[in-house]
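Below, subunit A partners subunit B and then partners subunit C, in two separate complexes.
Coming up: the complex of A and B.
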């Protein structure tokens, strides 16, 4: 399980303030804290805290100040591809681009950019019309993205497909469809593309958020989930990631496996 | 998720003493306590606390005294089929027989008994040689048991197939094979047979037993698990069962879903 720490996001008050005041402290604090928690990548998302035209400069700044304190690779998360490209020029380790939908113009721009900068790429199983309700139509979009990887020369293991989980309190019927999508996506090519979820979305505004997140993580791992953008400082959630690895026989059991997982 | 409470088992000290002293109190205590926890069935197993030739009488006594305090149906758990039959004669609600392996002589005795007493039946994916390591051979035994249900006239939805999870600290490679077995068993017939696990076995002698149990429960539910013999008083585990139902869209989401699950 690849854990992508979700916390450096302008939607959070402290990160938003850091971005507005050009204060690196909250971003650097969360870079280190997520690394300690068990993150393998750090998601970097200005969110609405930075106006769109200022984002390329903001992503340059974020990449620089985060790399001052952390060795972790970055997951550059924005709908502004100029901002992502500005960040890609500065990353010290191969990054993950987050994200591209199954729309031709965006596919052309983003897959080319991934190949140019030796980055991995998250593809979303949606188009400009929206997110399908069922697994079959999600997988049809996944297939377009797999074909694009082939067309643009992105190695299949660098393509992460996100079947887009919705909050279970308002769109419950999506949850089993996303599990089925993960299972089907893993059969689309050989080597298989990777799968990823924005996990916290499943529990938006539910009173039992942490329980729902960790239950769904285990369920998705059983279906073939490779990575999650998630709360890397929710210890019980990271424990489930570690335990799932054991129960899928992907890490070797030791009584100390929870500690071993965090040491990497 | 059908929760079969595991606690009335002579392997536990208090139940073993109750059996030896013909003291109904510990058995009745755990009948009520497991019902409160969220059990839908009560497993009833004398274990080695009663010598084999005394077991028919012991099962009569257990069934009687448990039914004095609880309305829950019973899961009669023994390798002594005379003991199970003695219990079946006294149950007030259709019972679950636990269990029969894929061995012809036992199949003939136990499937006939299930049909005669209108009981459901747990079939084990093993024979007298042992438990297979991989999913394919587990499913081959499952197929024999599905054919037996057809032959003896047991309704398919009354057949519970147990692919036999092993402790992950000594037989880790079984855990993903059992998940795959569950998935395959659900495709063997239409209507599908049910699936069940003796869940606590996965974590035998591991320091993080509760975490392993609840992670594996979520994973197995994602693969189609219908029932588990488990600790019905592990609240965090029952919470996962309830949450899994929500995330599979099998129970309708409400903010109070954890409470609703326990009210049944």
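Coming up: the complex of A and C.
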């Protein structure tokens, strides 16, 4: 299970302020803290804290100061592809691009960028019309992205498909459809593409966030989930990821498996 | 149409362990042995690199062992002199290492002192130039005392010492750490305990590249398939980047194969089984060669005739275009 720490995001107050004041401390603090928690990748997202035209420069700065303190690879998260490309030029370890929807113009830009910079790529099962309600239409978009990987020469193991989970307090019907999508995506190619979720979305604005995240992670792992952008500092959630790997027989049990899972 | 081989891509490889130290490295060995480092399942040269060939450690004991005459006759008079026996193993039987087992230390037997045991180790080190593996007498308390003394006396030699077990690893791990030796971590045919023991030892601060796994084995006909599958899981784990299973493995082939009735009874008793000499030699040989196929890096062996056959088998298997 690949854990992508979600916390370096301009939507959070401390990160937003760090971005506005060019203060590296909060970003570096969360880089280290998430690594300690069990993150394998660090998501990096300026959010709206930086005006669009300043984002390439902001991503350069973020990549630089995070790499000063952490060896973890980065997941460059933006809809501004110039910003992502600026970051890709500076990463020390192969990055993960977050993300591209199933829209032709964007596919052309982002898949070739991933191949050029030896990066992995998150593809979203949606287009400019929006997110499908059911599994079948999500998987149709997934298939377009799988075909694009083939077309542009991105290794299938480097393609992460995100079937887009919605908050269960307002769009409950999506949760089972996303599970079914994960199952189906794993059958689209051999080797199979990877699957990823923005896990915390499932529990948006619900008072029982932690419980919902933990439960859904276990369910999604059983369907074939490979990675999650998630709260790497919710210890019980990381424990669910570690335990899921054991119960799916993906790593070999030892009494200290929870501790070993967190070692980098 | 040409057949395209389907090749597996592995994420990681087996860790490499160096045993022995030359004079430049602070020891007195004339050569060192490297084991592990492989990036593929055993001998699949087309999928990945077999970094180091498997090696044979010939077993020598500090007091005359109760082995069958098929083996004893080949060793000859030197069996009562560990240093001369070790020298013969290297010079006549081409052993890559010596596996020195201090059975004389056993409190139930001769109960030899730590000083006496240390002297035997020193004598063997003086007699041979190859690296040396030293294990105790299977009495945890006595082993801790004896091996701590040996680790100190042989500081700099980069021995491989053992056996650390789940209920008794701290003293040995500390001795290996302080005096810079490698450590054998033994688990009872159990992949989960194997992994846990490696975790516990590494938590004490011994680097992973100083640990060798002894998974315990069964001899041919006595559970070898069980040992095979456990070793296979460990090897697959290490190739899938499970750092806590990525150590090379040592197998006590001579001990297990020669416990079998088939290695010890004469043709008079079992006329249908054929000559004991051939049977005993093949029993140890086949136990060894089966385990080579599942990832054994160090084979501890007794019978010189079996050693010769296994050595040839290793040479054949290491040929890339065979």
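The criterion applied here is as follows: the second predicted complex is superposed on the first by the 263 of 264 C-alpha atoms of A that agree within 3 Å, B and C clash if a C-alpha of one lies under 4 Å from a C-alpha of the other, contacts with A are read in each partner's own complex, and residues count from 1 in each chain.
Just so it is clear, contacts are C-beta pairs under 8 Å (C-beta built on N, C-alpha and C of every residue); 3 or more make two chains touch, one makes a residue touch a chain.
None of these values were measured; they are calculated from a predicted model.
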Subunit A as common anchor, with subunit B and subunit C clashing or fitting: fit
Touched subunit A residues, subunit B compared with subunit C: B
Touched partner set for A:253, first subunit B, second subunit C, both or neither: both
Spatial angle subunit C-subunit A-subunit B, Cα centroids [nearest 10 degrees]: 70
First (subunit B), second (subunit C), both or neither touched by A:244: first
Contacts of A:153 with subunit B and subunit C, given as first, second, both or neither: neither
Minimum Cα separation, subunit C to subunit B, after superposition on A (Å): 8
Contact residues common to both interfaces of subunit A (with subunit B and with subunit C): 252-253, 255
Residues of subunit A defined as touching subunit C within the complex: 251-256, 259-260, 263
Contacting residues of subunit C [partner subunit A, same complex]: 191-193, 195-196, 199-200, 233, 237, 242-245
Residues of subunit B defined as touching subunit A within the complex: 168-169, 172-173, 175-176, 179, 202, 206-208, 211-212, 214-216, 218-223, 239-240, 243-244, 246-249, 252-253, 255, 257-258
